[in-house]
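Common to both upcoming complexes is chain A, partnered first by chain B, then by chain C.
So, the complex of A and B:
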């Protein structure tokens, strides 16, 4: 068992436990905080894979922005605790279930399937030179230098070069969503 | 200070290699040495931050006093220098009150969600050439990501207190910090575009070869200054803790040790924002005659002084003024600055 594997297991355990608490905690504000912790764990796994840029973005957007917005929304909406008579979305077999459970299971299953297909499809590029990556089994602490800074450059070149059009389309979509939210909010105010 | 000055020898000089050799000669595995070096670095950074925060709190009172034609602390030690020590002792021996209406678990966790990232940021701050715990290639992004974590912390603190003052303060803090984070990041982005790197060390070196970015990015600097003061919840942007209407805002119910953590975080963040500003706009540790570490401290304290000067000079804004200013003036100016910078760099 290498150090990398140990760290990975710890991070995975934290992320999974937090994710489990997100769907089981009756106090919805706590669920939001657990979600933030889960995102932090995933960012740690990204770091372990030397995808620093992705880890930074994960913290900045998912923890700093999305979790914040969700907490903000919960505080504004005064939901508080999920009521006792309402069974949790995920419960042990044999106990009362919500009508939405099959849909949730199907959606999650489809997502996992899509991820597996994606994983099999992508041609994973090998490292620039053997031994420069810290995740290689047996490697000690990363020496820095060659591999560091590579991912930012690669992602930038891919986003603004080969994949410029899809990236722009995604940003236009986000802009449309932003304007849509604005229109809806303005209409409600009357 | 002596500890921090000894660090260059630890970071890259002879002492480092000699200590490493000693460890290998003793037959100890190299990872023990790596862990020890990391621990020493973290300890040095912690000592640096705590000493500076002690000094900052005293400076704020003394400077504020003199700016407003008062004397500030005078009784504890020479020039009242021991005032912070006395305050810290007072706060630490106070009873640790958790209100009955509070959500206990979240109430306890909230201060640390802000405190830990505030310390972690200093991992990438370059104190001098080679005097940096770790030169991350995503330096600026790392700083932005970690400083954003203060928002969930304040929201959690305000919500879990079970008090209307705390809740209102948290709402204001959330809205304000989200609004001013956008121009803050855009101002940093313009510097990154100019320097062509996210690494703070590279940004300092780029300024060493050219000129300081405050001359090339005057608009970006002003946007950064305003947005940073707003992010720190300092007057004129201290609506989240406006004492005349909200008692003390999100930390109304906090006392003793937990309040001290919030207080410490606030001043650590003031130091961080100043250090990042000095690094991005004033050439960081570079400068003639004096040692780099002294230059870094001097430049950092230029920003600290500006922030304190503004605080004791200007009155508090209204909520609508605050929001209008962020979204209708600061954000467009910051965006335009990025576009113009990009155009100049591309040409």
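So, the complex of A and C:
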């Protein structure tokens, strides 16, 4: 068992456990913090995949922005139900606290099972760079060269070359989301 | 280096956890959190496939960046909607929020 495998297993265990706590922790603030820990674990996985730029972006956006905004959203709300201090005001008749849990377990389990079966059956050899799907250390690394697929230079060239239009569309989307969130949140103040 | 399958199974498990959360939670904020977990799992798959099958190709990373952008926008708008919902309806139970007209 190599060191990277151990690191991978540790990171995967941390992020999966944190993700599990997100959906099970009775306190929603704790669930938000667990979500942040899960994002940090995934950032570690990105580092293991040698995507250091993506790992940095993951920390900045997911841990820095998304977790913070969700925690602020919980704290700024004065409704007890948001903070899960109170049970829902009106429980729908005939529904338990966690409706449809067996269905959800079945759906999630079937999803994982189907994906694993699919992964086992796909002939990876039909894809380019066949043979990189090996357990050998550094599999897929170009011989005698540094790994380039995730270099900031290549990503930047792609973003402002081949993907210039989608990048502009993404910036418009962010602007629209900013304005939309402002309008939605400010409307009630009158 | 662990084989590609390990990363794919990790992504599948993370996605399934998010899926379970989306299906079981009634608090809208928890549903948003679960959706974020699912988007993260998709990014893991993007980067794992790029790392193992498409060396010298930045497209997987570019798509992961787009996913993060959309996730940020989704959280901003989603939380604004949830806060409006909580003000107007005094409830953010997704089972009770069945109409968009206030």
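We take it that the second predicted complex is superposed on the first by the 118 of 190 C-alpha atoms of A that agree within 3 Å, B and C clash if a C-alpha of one lies under 4 Å from a C-alpha of the other, contacts with A are read in each partner's own complex, and residues count from 1 in each chain.
In this section, contacts are C-beta pairs under 8 Å (C-beta built on N, C-alpha and C of every residue); 3 or more make two chains touch, one makes a residue touch a chain.
Small disclaimer: the values here were computed from a predicted structure and weren't measured.
Peer 1: Is the number of chain A residues in contact higher for chain B or for chain C?
Peer 2: C
Peer 1: When the two structures are overlaid on chain A, which partner does A:57 contact: first (chain B), second (chain C), both, or neither?
Peer 2: Both partners, chain B and chain C.
Peer 1: Now for A:65: first (chain B), second (chain C), both, or neither, which partner does it touch?
Peer 2: A:65: touches chain B and chain C.
Peer 1: After the superposition on A, what does A:117 contact: first (chain B), second (chain C), both or neither?
Peer 2: neither
Peer 1: Can A:164 be said to touch chain B (first), chain C (second), both, or neither?
Peer 2: Neither chain B nor chain C is touched by A:164.
Peer 1: Just to be sure I read the superposition right, which of the two partners does A:172 touch: chain B = first, chain C = second, or both, or neither?
Peer 2: After superposing on A, A:172 lies clear of both chain B and chain C.
Peer 1: Considering only the touch criterion stated at the top, classify A:10 as touching first (chain B), second (chain C), both, or neither.
Peer 2: neither
Peer 1: Across the two complexes, find the residues of chain A that touch chain B and also touch chain C.
Peer 2: 53, 57, 65, 76, 140-141, 148-149, 151
Peer 1: Hey, which residues of chain A end up touching chain C in the complex?
Peer 2: Checking each residue of chain A against chain C gives 2, 4-5, 8-9, 12, 15-16, 19-20, 22-23, 28, 31-32, 35, 38-39, 42, 45-46, 49-51, 53-54, 57-58, 61-62, 65-66, 69-70, 73-74, 76-77, 79, 81-82, 84, 88-90, 92, 95, 97-101, 103-105, 107-109, 111-112, 115-116, 119, 124, 127-129, 132-142, 147-151, 154-155, 157-159, 162-163, 166, 170, 173-174, 176-178, 180-182, 184-185, 187-188.
Peer 1: Could you please specify the touching residues of chain A with respect to chain B in the complex?
Peer 2: Listed in rising order, the residues are 3, 27, 29-30, 33, 36, 52-53, 55-57, 59-60, 63-65, 67-68, 71-72, 75-76, 140-141, 144, 148-149, 151-152.
Peer 1: For the complex, give me every residue of chain C touching chain A.
Peer 2: The touching residues are 1-10, 12-21, 23-27, 29-30, 32-34, 36-37, 40, 43-44, 47-48, 50-62, 64-66, 68-77, 79-84, 86-88, 90-93, 95-96.
Peer 1: Which residues of chain B touch chain A once you look at their complex with the stated criterion?
Peer 2: My answer: residues 30-31, 34, 103, 105-106, 109, 135-138, 141-142, 144-146, 148-149, 151-152, 155-156, 158-160, 167, 170-171, 174, 178, 198-199.
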